[in-house]
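Please read the structure below before turning to the comments.
Think of it as A, B, C and D in the order they're written, each chain with its own count starting at 1.
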Amino acid sequence: SEKATPQESKGKLKIALSNSFIGNGWRVEMENVFKAACAMPPYKDQVDCSVFNAGNDVATQSRQISNLIAQGVDGIVINAASTSGLNGVVQQACDRKIVVVSFDNTVDNKCGLTVNTDQVKFGEQLAQFIVDQLKGQGNVVMVTGVAGTGADNDRNAGAKKVFDANPGIKVVATYSGSWDSATAQRQTAAQLPSLPKVDGVWVSGGTDGVIKAFLEANRPVPVVGGEAENGFRKYLAGVTPPKVNGMSIGQPPFLSVISLELARAVIKGEHPKTSVTIPFPMVTSETVKVGETVFPDLPDSFFADFTDSGPNATVVLCQEAATDGTPCPGKTLAVKLG
Amino acid sequence: MDTYAVHAEGVDRSFGGVRALRGASFAARPGEIHALAGENGAGKSTMIKVLCGLVKPDRGTVRVTGRLATAFQELSLLPDLTIAENLLLHDPPRGRLGLVVRRRLVPVAKEVLHEHGIDDLDPRTVTRDLSVAHRQVVELVRVLATRPEVLILDEPTAALQEQQVAWLAEHMRRLRAEGCCVVFTSHRWREIEALADRVTVFRNGTHVTTRERLTESEAVTLMSGRTLDATYPPLAPPGDTVALEARVGDVEVKLHRGEILGIGGLAGQGQRELFLTLFGAGRQKPAVTVGGTARTIRKPKDAIRAGIGIAYVPEDRKAEGLLLPMSVRDNLALATLERRSVAGFVRRAAEHRAVRDIVDRLAVRTASTGHPVGTLSGGNQQKVLMGRWLLSGAEVLLLFDVTRGVDAATKHDFYALVADLAAQGRAVLLYSSETEEIAHLCHRVLVMREGRVAAELEGPVGDAELIVAAAMREREHV
Amino acid sequence: MTTLDTAKRVLAGPHRRVLYAFAAAATILVAGAVIHPGFGSWTSLRTMLVLASFIGFVGAGQMLVVLVGGIDLSMPWVLNGAAIVLTTSSLGQSGRLPLAVALALGVGAAVGLANGLGVAWLGVPAVVMTLGMNGVLQGLSLGLSKGLTCGSCASYAPEPLRRLVVGRLFGVPSELLLWAGVALFVTVLLTLTTFGRRVYAVGNNPRAAFLAGVGVRGVTVVLYMLSGVFAALAGITLVAYGGQPSLGLGDPYLFESIAAVVVGGVSILGGRGHYVGVVAGSVTLVAIVTLLQAERVPEYGRNVIYGLVILAILFTYGRERADD
Amino acid sequence: MSELRAATLGYAVLAATAIAYLVVYTTSLGHLPTPFDYLSLLNTSLPLVFVAIGQSLVVLTGGIDLSVGGMVGLGVAIVAAGSTSGAAVTAGWMLAAVGAGAACGAVNGLIVAKGRIAPILTTLATLSVYSGLALKVLPVPGGEISPAVRSVLTDPDVPTGLIWLGVAVAGWLVLRRTRFGMRVYAVGSDETAARAVGVPTVWVKVGVYALSGVCSGLAAVFYVSTTTSGDPNAGDSFILTSIAAVVVGGIAFAGGRGSALGAVAGAFALTLVIDVLFFAGIDPLYQSLFQGLFLVVAVLLGSLVRWRRA
C-alpha cells in the first residue's frame, strides 16, 4: 500500500491492539500471546506494537481508536466491545487507509477485515456431540455467554439448530454464565435443585464452574460440551476426579496473533485484503493429552488451547507466551494464514 | 348564603393515629382581622392547610371566596432561590414567546419590595443566606404582593422584631380597610388583643368559641382548661460562684451559679453564634472556664463533658434537638449513653429507671417511654428535650429562644421550670426573641448589637422597652 | 389485649417493614414451590440460601451506610480487590490462610476508612466518593495484577476456606452459619449497644445528634469501614465458593446490595431498618431469579419481571411517608 | 444565580482537562490536535452530553435517574431494529425512540411523584424493565442506518454535530427561561415549600423525568448515528458516566443548585480524560484509577472554592 513505503524507511510498522475488556483468563492470554509475538522475529524487527483496553465501554474504545488514528498507526487489531458500536470510527480508520482487523468479537463494518473461527459451527459441533453421546434422547441445559455479543448469538444459534432438529432432546434450562466460571457456577447452583435429571450440558464458557456446581450438589456430571478452560480439560483427562465425558472446543486466544500477521501482511502487500477463518482446536475425553492440551500445574482459568499443533498448525506458541507474555525461546514465528 | 370569606364546617383530619381536627369549624368575614388561637397541637395550622387546600380533610366542607394567599408556619421560601425568584415564581416578567426575562427579575422584585416599604434587602440574595426574621419578611411580602382578598398568616410574628411586627400590623390593617379577610394565629396575646376584631379558640382539634372580646386569662382557660397565676415566677437570688466564664469574640460572659443571664438585642446580632460557640458548635473554638476548670471546647461532646457540664437547648427542636421517629427513651438517653453502659452495651434496666425518673419528674405526658417522640404534643416534646439535659446533670444551661411558637400554658410551665432550676443552683444563659421574657426572667441582661455587648442591665428589668431602647440606639427600622 | 390488637400494633410499629420483607420472601418461595416442583425442596432452599448469603454480606455493609443516609458504590471492586488479595497472599496454602483473610479484610477496612474520611471529613457526597473509590480500586486491581496475569493471582482458595461452602455442620453449610453469625453481630451492634443508638440518631437527624454530643463523623467513618469489611467478606466467601477470583466478580453485587436493603424494609433515607429484614430481602432476590430461570423465562422477560416485582414490593411497603 | 456562575466548576474542570490534553497531545505527536481530533471528540461525546442534560434536570429536583441506561438501550434498539431501509424510515424510528424515552421517563416520574417511591429505587427497578425491553426489541446487535442520516447528525468530516450541540445548549437555556424551568429549581430546593406555594410538584417531577427520557432517546439517536448501528446493552455505561458528568458539572446532589451547562462541560471533560490518559502513555489498566481520582478531586476542588467564598 502507499503508506507502507515511508513507514518502512523509518523502520517499523505501527500496529495497535484495542481490546474491550479483560474480564476473564481468555482475554489475558490473548493479550499475552500478542505481546509475546511482538517480541519475536519477524515482528520484533518489523512492528511497533501497543496494547489498549477499554473496559467494555464502547465510547472509551471508540476514543482510543480515534487517538490511534491521530497517532498515525498503520494497522489496528480489535476485539470489540460491541459488534456495531465501533462501525463509525472503524470507517474513519479505513478512510485513512489504516488496516483494521477485528477478531473474536468482530466489528460489522465491511471495510475492515476479520479473523475468527466459525462461531455458528462452534455451537453446532458441541451440540452435535452431546446429541450423539445421548443417542438423541435426554434433557439438556444450555449455559450461554455474554448476552448481546456476536460470538454468543452465533454459538447459541448453532446449538439451537441442532437441538431443535432432535425431537428426543429436551432443553430444560437456558441461562447465562457470562463466559465466567464463577458466574456460571453460581447460576448453575441456583438452577440445579429445580431441574429434573440432566443428561447433557452445553456451555459457551465457564465450563469448569458448571461442573463444580454439579459436584457440589451431589449430582452426577452429565455429558459436557464446553470451552477450552484448563479446569474443564482436567476433568476430561481425569486429572481432577471425576473423569467427565465431554468435548472441548476453544476459541483460540492466538486469534490476536493471526490478526497481527494479517494486518502486517496486508500493509506490506504480502496478502490480499481478505478475511481469514481458521479451524478451531477441539479435543474430547478420548483425545485430550496431558502436557499438550491440558496442564495439571496451571490454573483452571487458563485456556488450554493457547497454541495450535500438528502439521497444519496455524501458529505454534510456547506456554510462557500464554502465561507471561514472554517470547518463545529462539524462534521465528511463522503464521499460516491458510 | 352567609357572608363569610372563608368557611369550614365539621372538618375531620387525622395523620396516622393523630386526630388533628375533629369536627372543627371556622369562619371569617371579609373586612375583618380574625385571630385563631389555641395551644400547641390544637389544630390551627392543620385548619389553615385545609382552608387553602394543601391538606385534604377526611370529612367536612370548606369554602373560600376570593383570591387567597397564605403564609405558612414552616416558612415556604425556597432556600436556593433568590429573593427575586421567590417573589416572582408564579408571575415572572416575560418577554416575547412568553419566556422569562431573567434580567428583569431583579428590578421588578426591587419594585415589589419597595412598594411594601422594604428597601434594605438585595433581591439577588439567596434566601438561605438570610436571617430568619428577614426570611419571614420576604415570605410576607410574597403573600402581600399577590393582592389577596383572603389573607391567612400562620404565626407570622414568631420570628419578627417589634418594628417588623408593627410593619406587618400596618399592612394587615390596610388590607382590612380594603375589605380583605385577614386570618392569623399567634401565641402572643398582646398581638391578638391589638389586632384582632374577633378571636376563635381551638382546643384538641375542635372549635371552642368565637368572640369579639376575650381577656388573656379567659383565653388561656378556654385553650388549656387551666387557670394560670402570675405569668412570671419570682426569682431566687443568684449565687456568687462563677459557673462559666468565656470570651467569644468581643463578648465576655461571666455566668454564676443560680443566675439567669439574659442575652437581648435585635435578632441576628450574633446571639446564636455566641450560644453555639459556647457549646462547641460554632466557628470559633474558645477557651471556656466551666466550674473552675479551663477547657477548649471543640465540639458539643466536649461541652457536655466539660467540668460541671454544659447543655444547649435550641429554638428549633425538630431540626436541632429531637429525633422524631425515635422513642422518648432513646431521645432522653442519647447525650449520656455511656454513663449507663458496660463495654459499649446499653444497660437497659438502668436506662429504663433513669428515663422513667425524668419522665415522672417533668410530668411528660406519654403512653410509654417506647413511643416515638414525634407523636407527643409540642410542650411534651420540649420537656423531653429539657429532660435530656437534666439527665446529663449539666449545671450550665444554654437556652436559645426555646419558647418560640410555644403556647401560653406551656410557656408558663417553662418559666417556672427555669426559675426552679436556677434556684437549685444551675446557671442559665437565656436568649429569647420575645423581649418580655428576658425582661422578667433574668437576673441580668446583656444587650447585643453587631456582635458586641451594647449594654448591660440589672434585672429583672421588668420593662421590655428598656431593653429594646438599648438595642435600638443608633439603629433604624428593619 | 386481643391478638388482633397486637397484630395491628406490630403492623403499625417500627417492625412493620421487617414483617413485610419476610412476607415477601415467603410469598415468592411458596409461589415457587407451587409453580415449580422441586423448588421448595431442602436442597433447593439450601442452595438459594448460600447464594443469598453473598448478597447478605454486601447487604449488611450497604445497610449500615444507608442507615445514616449514605451509600456505598465502591462495593464491586472492594469485593473483587479483597478476593484478589486473598488468593495472591494465600497462594493456596492453608498455613497462610489466616494472614490472607486478615489482609483481605484489612483492605476492605482501609478502603472503607478512606470512603468514610472523604464523606465525613472532606464533605464529598457519598455517591461521588464511593464511585470514585470504585474506579481507583478497579484501576489498582487491574494494574497491579496486570489484568490477573500474575501467577499468584491464579491460585486457588486454600482448602479450609473452600470447606466453608462445602462443609456441613449438622447438615447446614458452614457458609450459612457464618451468615447467621454476621446477622447476629449486626443486629446486636445496632440494637444493644450505645454505638447502635448513635447510628440511628445520626440517620434520623445528624444535626440533632451532633448537638446531643454524638460524634457524627466518627460514627460515619466506622460504618463505612464496616461496609468495606463486609464487602471484603463477600469477596472472600465468593472465592471460597468458586475457588478463584475473576474480574467481573463484584459487578452484580452493587445493585443487588441496594435492592436487598430496600426490599428488606430499610428506608433509603436513613434512620430506619433492621438487618433481619435485609436477610429476607436477600432471599427474596435470589428466589425471584431462580424461579424465573426455572420457568425458562427468556432473558428479556427475566429483566422485565424482576424489575416489576421489585416495583410491586416497593409499592407495598417501600413508600415514603404518606402524610400529606 | 447566573448560568455562568452556576456552571463554574464544570467549565473550570473542562478547561483544566483541555489544557492537559493539548499538552500531552502535542508532546506526544509533535503537533496540535487536528480537526479530525476535535470532530471525533465532539461526535463521541454527544450521546453523553444529552444523557447528562437529562440527568441534570432530575438531579436538580433532588432525584437521580439510574434508568437512563435502560432508556438509552431501548432507544438504540428501536432505531437499530427499525432502520434497515431509507432515511425517512430511519427518521421515523428515531422519533419513535425519543417518544419511547419520553414514555419511560414519564412512568418514572409518575412512580416517583405519585407513588412516592424514592427516585433511586424507582429507577433501579425500571432500569431492569427497560433493559429487558431493549433486549426484546433487538436481541442481537445489528441494524444499519443510512449514510444520509449520519451526515445530517454526526458527519465525521463536517462539524454537523456542533449544530446539535448548539441546539441542546439552546434548549436548556430556553427551558431555564420558562416558568417550568424556575419550578424545577423550586422543587429541588424544598419540595414541601414548593408545594405549599402552589408549585404543581407532581407535574414538575413527571415533566423532569419525561425530559430525562427524551434526552436518553436523543442520546440513543446520536449513539446510533456515530456508531452507525445498535446494541441493546449500549446504555449501560451511561448510568455512572452521566452521574459523573453531573457531579463534575457542579450540580448539587441535594437539588436546587447548578446548571445543566456544567454537566455538558463535565461530559466533555470526562471524555477528554480518556484522551489525556492515552497520550500520557498511561497503562490503560490503570485508567479507572485516574478517572476515579479525577472525579473525587474535581468535587473536592469545587467544595474548597465554596468554602473560601463562604
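Methods note: a residue touches a chain if its C-beta (ideal position, glycine included) is under 8 Å from a C-beta of that chain, and two chains touch if they have at least 3 such contacts.
The structure displayed is predicted, hence computed values, not measured ones.
Colleague: Of the pairs B-D and A-C, which shows more C-beta pairs in contact?
Modeller: Answer by contact count: A-C.
Colleague: What whole-Å value do you get for the distance between chain A and chain B if each is reduced to the mean of its CA atoms?
Modeller: From the centre of chain A to the centre of chain B is 72 Å.
Colleague: Between chain B and chain D, tell me the centre distance in angstrom, where each centre is the average of that chain's C-alpha atoms.
Modeller: Comparing mean C-alpha positions, chain D is 44 Å from chain B.
Colleague: When the C-alpha atoms of chain A and chain C are each averaged to a single point, how far apart are the two points in Å?
Modeller: Here chain A and chain C have centroids separated by 34 Å.
Colleague: For chain C versus chain D, what separation do you get between their C-alpha means, in angstrom?
Modeller: 30
Colleague: So which stretches of chain B touch two or more other chains?
Modeller: In chain B, 54 touch at least two other chains.
Colleague: Residues of chain C touching 2+ other chains?
Modeller: Expected reply: 142, 147, 299.
Colleague: If you look at chain A, which of its residues touch at least two other chains?
Modeller: 22, 53, 147
Colleague: Identify every two-chain combination in which the chains touch.
Modeller: Result of the pairwise touch check is A-C, A-D, B-C, B-D, C-D.
Colleague: How about chain B: which of its residues touch chain C in the complex?
Modeller: Interface residues on chain B, with respect to chain C: 15-17, 49, 54-55, 279, 281, 299-301, 303-305, 312, 314, 319-326, 330, 333-335, 337-338, 341, 344-346, 388.
Colleague: Which of the residues in chain C end up touching chain B in this complex?
Modeller: Those in contact with chain B are residues 12, 14, 192-195, 197-198, 200-201, 204-205, 207-215, 271-272, 323-324.
Colleague: Which residues of chain B touch chain D in their complex?
Modeller: 54, 70, 72, 74-82, 85, 89-90, 92, 98-102, 126, 142
Colleague: Which residues, counting only chain D, touch chain B once they are in their complex?
Modeller: Residues 1, 174, 176-179, 181-183, 185-186, 188-190, 192-199, 255-257 of chain D touch chain B in their complex.
Colleague: For chain D, which residues are in contact with chain A within the complex?
Modeller: Checking each residue of chain D against chain A gives 25, 28-29, 33-34, 36-37, 40-41, 43-44, 47-48, 80, 135, 139-144, 150, 154, 156, 226-234, 237, 241, 271, 274-275, 278-279, 284-285, 287-288.
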